[in-house]
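You will see chain A twice below: alongside chain B first, and alongside chain C after that.
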Partner chain A sequence: MTVLLNAVRPTRRRTAWLSVNLALVIFVVLYGVIAILQPNYLDAALFMNFLRRAAPLIILACGQLFVILSGGFDLSMGAVVTLVVLAASMLIGGDPDMTWTVIAILYAMGLAVGLANGLIVSFLKVPSIIATLGTMLLVNGLALAWSGGAPRGDLPDNFRNLGRLVLKDVPLVGSLPIAVVILVVVTLLAWWGLHATAYGKRLLAVGDNPRAAELAGVPVKPTRISAFVVSALSAVTAGILIGGFSGVSVNAGRGLELQAIAACVIGGAQLLGGRGTIVGALFGALSLFALFTLLNLLGLPQALRDSLQGLILIAAVGVTVLRYRRST
Partner chain B sequence: MSVNATPVAMTRRGFRDVPVPVVVIALAALIYVTAAIVTGQANQISAAGLTGLLQRTVALGLVGLGQTFAILVGSIDLSVAALISTVAVLASYLMQGDPSMIVPAIAACVALSLGVGAINGVLVAYWGINPLIATLSTGLILQGLLSASFTFLSGSVAPSFQALAYQNLLGVPLPVLLLAVFALAAWFVLAKTRFGAHLYAAGGNPDGAKLAGLRVQRLVLGAHVIASFAACVAGLYLAARLQSGTPWIGRDGIYDLESIAIVVIGGTLLSGGKGGVLGTIAGVLLFASLDASFNMFGVDAFLKQVLRGAIVIAAVSVYAVRNRGHVA
Partner chain C sequence: MQLRTILAATLAVAFSTTAYAQEFNDPAEFKKQRELLSTKAEGPEGKPWEQHLGGGMVDTAKFKKDGPHTICFSNAGVFNPWRVVGLNNMKGEAELQKARIKELIVLDGEGKDDKQISDIQSLLDGGKCDVLIVSPTTTAALTPAVEAACEKLPVIVFDRGVNTKCPVTYIHPVGGYGFGITSAEFIASKLPKGSNVLALRIVPGVDVLETRYSAAKSIFDEAGINVIGSEFTGSDRAKTKSVVEDYINRGEKIDAVWMDAGDTATAALEAFEDAGLPYPVISGEDQQDFLRKWQKDNLVAIAPSYPTYQWRTPIIAALDILDGKQVPGPEWNLPQPAITQETLASYIDERMPPLHYSLCGCQDLPGYPEQWGGK
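So, the complex of A and B:
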């Protein structure tokens, strides 16, 4: 760091790379411990299975990253996941022919929630943490009111396969879950959108300094709204996968929004905008999921997940704060 | 919701000198009386009905008073819901129905809450972690430890402690008096003491306050300790009211979001430095009368959640929409 202090850009790039590295190192260490406890986690098939179960969290983290980079938070993701799972079960009602129509409807719902979040934040000027907490209550309440608190209906196999089918005897990798294919496609799309387009640069500019971005001609409001839409659509995708492998439950999405934020932060994203990468979010989510897997293997109570997540959030943000302080 | 929004905006333009709390209280009364008349339950507009209404305000009002301090100083406290649960469970666990344990149990709860407040304050003021993330995380840590250690109801408060929540003094329920006393004390501290003036200064312009020689970090710490203490009193009240605490009492009551909402509805700026206790009390009255009206109309529990989410957003936007700049 000290060697590069005279050049600003390389330093910043280096810190971003450092934080990706940090998440990568955490993930490798955690997965190493898992592999020591359960050596079969080193099998390609089990690793694919691990990726399959981590896929929703990674997809959520990629979506959340868009909002975080734009300077906000999206706390309504978990509620959208719950809505998707409940709505899918009720709309499909076990009829396999309905699957693709219903998936389209689900994405339309996600679009509506994302637009609502974005419009409330951009035009009503409600801080996103309160706005999305509000829509979280609203969407959760709607999902529960619609299903009457006890979901009816069943998900047909062709819907559930998106989350749970594993293709066997695929060349190179052996077994390949559909969820992992979806995961790769979504991650690549998110990476492209954020790091290879002018839109991605605008998003970063808006998160860094909205006033400056506005003066530079960036359409601040549409950019910010689009971030919330991306986030909500990724929540729909994650919800479809979760419905696929865990089935219908009214708690399907509880707490996922915080996990997604934690994943981004572990991956080096700066809260309130301006810095972060998809690769960081990817490894942040993998680290978090490896940690949860490890807790399960150690037989610790599920509830401690929350506590650990709190500690990680504080540590991750705290480290960023200290590093920032040192560099200024 | 637009029905709520217009009168406030219009009144403010027409009678610019009418303070926000008065407008909000008038609105609350209007809603309550209209609901009572429309649903043909005019008997709700009586001393008994109003006492019931006031009783509903106690828990949220206490939390809101503490939240007012945190918000005024430019911070926020999202850990209150988890703290309320922890205090309620701890109180009933320590008492186990034994009157001689009342004082030690209360002492333990107060000590715990002061500790949590101090941790929040240190994380926010001295370490410089974003208050939303810091307090969200301490809340997560508390909630995780709590749910991991108490999966079912354990113990109950002493009968004589429970009686406190149901007794009347001069025809007024004791809890309502408690809230009144705390509100007066909070008003006195904010309006009449040097500490209060410093809080406003630190919240309105931290850099200026620092240059003027105020110890801003210490003020933020103090505000967080007060916020946690208020949540502790609310938790003790709920434990007394319900005989025993459950680990979800705070989360189910959405005390974190609702306490912020009533503070903001009362005219306190989310960015700090402007507002006060009177507004918070007016805000809690508005929420209580809305809640009472929902009950009179017999709104379904899930739908009530939807309406709450919408109302929080609408209420905050009434103030936020006048913002000129961008918010995140």
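So, the complex of A and C:
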């Protein structure tokens, strides 16, 4: 028994490092190619701008990771982003005094969606991929019905600044987008929640083997529900940043849930739970975003770009999975 | 072996796009629409939805019927703000003429050919309709359904056409080539030879959008203006802004931005703002948010349109046909104006939502502006 444990432990640790390293390597390679094509991407200001644009995806990936670790999927994230952008514009209606009140309301909406997802999955025993597909359709439909297909209202500058404003002449970094500050805070919070608390360990245990976790005294249902709540709240945060970055749009969140899942997998998370890190999700999302930017810069025709993106995604995920298998 | 298959597949994809792009570059249609743009409209002054550009009239005496009438409308769907505004225009026109209309029945095709085909069938089977208006999802797929309807009652088609001459009239503005010609000619007139223009488009493969780009591209080529990129944005503001930022970061000067639809025009302009660059010459569309920004920041801009007032015309045509009056046909070409610096102020209405299409011709309709989302 002791022998076995000793044999297992070092491999586990090695694996975690390997998976993180790989997403980091992919990101560095992709960003390296970008820098070769466009040397000005090495400027601090442009790198900060890159981070500003990648921030929503990274935040979504961090939230999605909680659900993936607990053994599920959250497909409703993109719909929540769309709802947040549309709701913000209609509730604020261009009045800057309303901004903070409305942001609180947006988080309350996120909380409701997350709780609904979690309760449906935990108590009705609906597989999360179906349950969140349902909420995705429901939330999208609600957002469209509410806005009548054409968004009304406007986002005032103090709301837009959260995703748009870039502070100039900041010591050390030169320019600092507000979105990057938010990104750092959210990532640190997620890292702390997942890797430095007992809650994080319980989440991993639930995803790895819910029955064993339950027998070991882990409150499985509340843990699961909380993962969906974290995911929905991260989607609200990402929605606020996206709305701030570019303004009101009915297509704001389309496809983001799949990008977030892809980012987690590139970052070494195991679908259906039990393994994954915030650092991995962070670099997975950065890799994915670097890929989008690179393909934009190459100026290839759209059809070729889509196929190339698909191929690279499959390759990245494939390599990550293979590497994990070999190392155990 | 696998590598070869992948290569072959990629090449096939690449070539198929060039092949289907040619379909949307019809020199004869380009020439026709260019002439229509400068044709003087006939009909009541100030009411472009009742006007027509050239063409003949068709006799409708055989359709004369006592009112009030039931008008049936098979709609392709309401999947974008343009169609939302359009449908409101149509309902507004019906409200205006309510003394002569018993009922306006609208079925929503949800953007699906098969749904719309069965919609038309059920409208015919219902037996209540005196006249049928169709706004087809796609041209070829809807043709047989429209042909079947023509045998039972007068049919009016608008927006997209069908491949049959059986409808009494087919109502549409000048068209996609016209949109591309107006916008590209404006940009070319403002810039010297050798300038750079970035083309931003919604999605590939949609006929009404592809023709806009192919026309603009020919004008730019003719004028010696370089199209440094043609990018698809999926109507997504965040994507639009990112794409433009990437082009700005490439270091190439962007003198103008050409758009095949204006809903993300303000997002494209914000990318220039955030980079601290002057605004480019830009062609957008007649949405309020773009017009307001144009006025506020003194842009050099034009707003070509695919006017939503064309949704009023089918109701007017339907009532005329049931009265046995002559209507323009078999093609009813509506004027397709562009908003310019001179007319800009008259199209701005602060009460309206940002994506409201200003050439709706709806200001005099009952329920304006609340019905259109205004305050």
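Everything that follows uses one rule, which is that the second predicted complex is superposed on the first by the 293 of 328 C-alpha atoms of A that agree within 3 Å, B and C clash if a C-alpha of one lies under 4 Å from a C-alpha of the other, contacts with A are read in each partner's own complex, and residues count from 1 in each chain.
In this section, a contact is a pair of C-beta atoms (placed from the backbone, for glycine too) under 8 Å apart; a residue touches a chain by one contact, two chains touch by 3 or more.
On a predicted model such as this, the values are computed, not experimentally measured, just so you know.
By the document's definition of touching, of the two partners only chain C reaches A:Arg254; chain B does not. In the superposed model, A:Ser175 lies in contact with neither chain B nor chain C.
Once the two complexes are laid over each other on the shared chain, residue contacts for A:Ile314 go to chain B alone; chain C is not touched.
By the document's definition of touching, of the two partners only chain C reaches A:Gly153; chain B does not. A simple residue count on chain A separates chain B from chain C, and the partner touching more is B.
Look at A:Gln64: by the touch rule set out above, it reaches neither chain B nor chain C. Within the superposed three-chain model, A:Ala303 lies in touch with chain B and with chain C [touch as defined at top]. Residue overlap on chain A between its contacts with chain B in one complex and with chain C in the other: 149, 301, 303-304, 307, 311.
In the complex of the two chains, the chain C residues touching chain A come out as 6, 9-10, 13-14, 16-17, 78-81, 83-85, 204, 229, 231-232, 234-238, 240-243, 245-246, 249-251, 264, 266-267, 270, 274, 353-356, 373. The part of chain A that touches chain B in the complex is made up of residues 70-73, 120-131, 133-142, 144-145, 149, 207, 210-211, 214, 220, 224, 258, 265, 271-273, 301, 303-311, 313-314, 317-318, 321, 325.
Put simply, chain B touches chain A in their complex at residues 123, 127-130, 132-134, 136-148, 254, 257, 260-261, 264, 270, 300, 302-310, 312-313, 316-317, 320-323, 325-328.
By the touch rule above, chain A contacts chain C in their complex via residues 38, 40-41, 46, 49, 53, 56, 148-154, 164, 166, 242, 245-252, 254, 292-293, 296-297, 299, 301-304, 307, 311.
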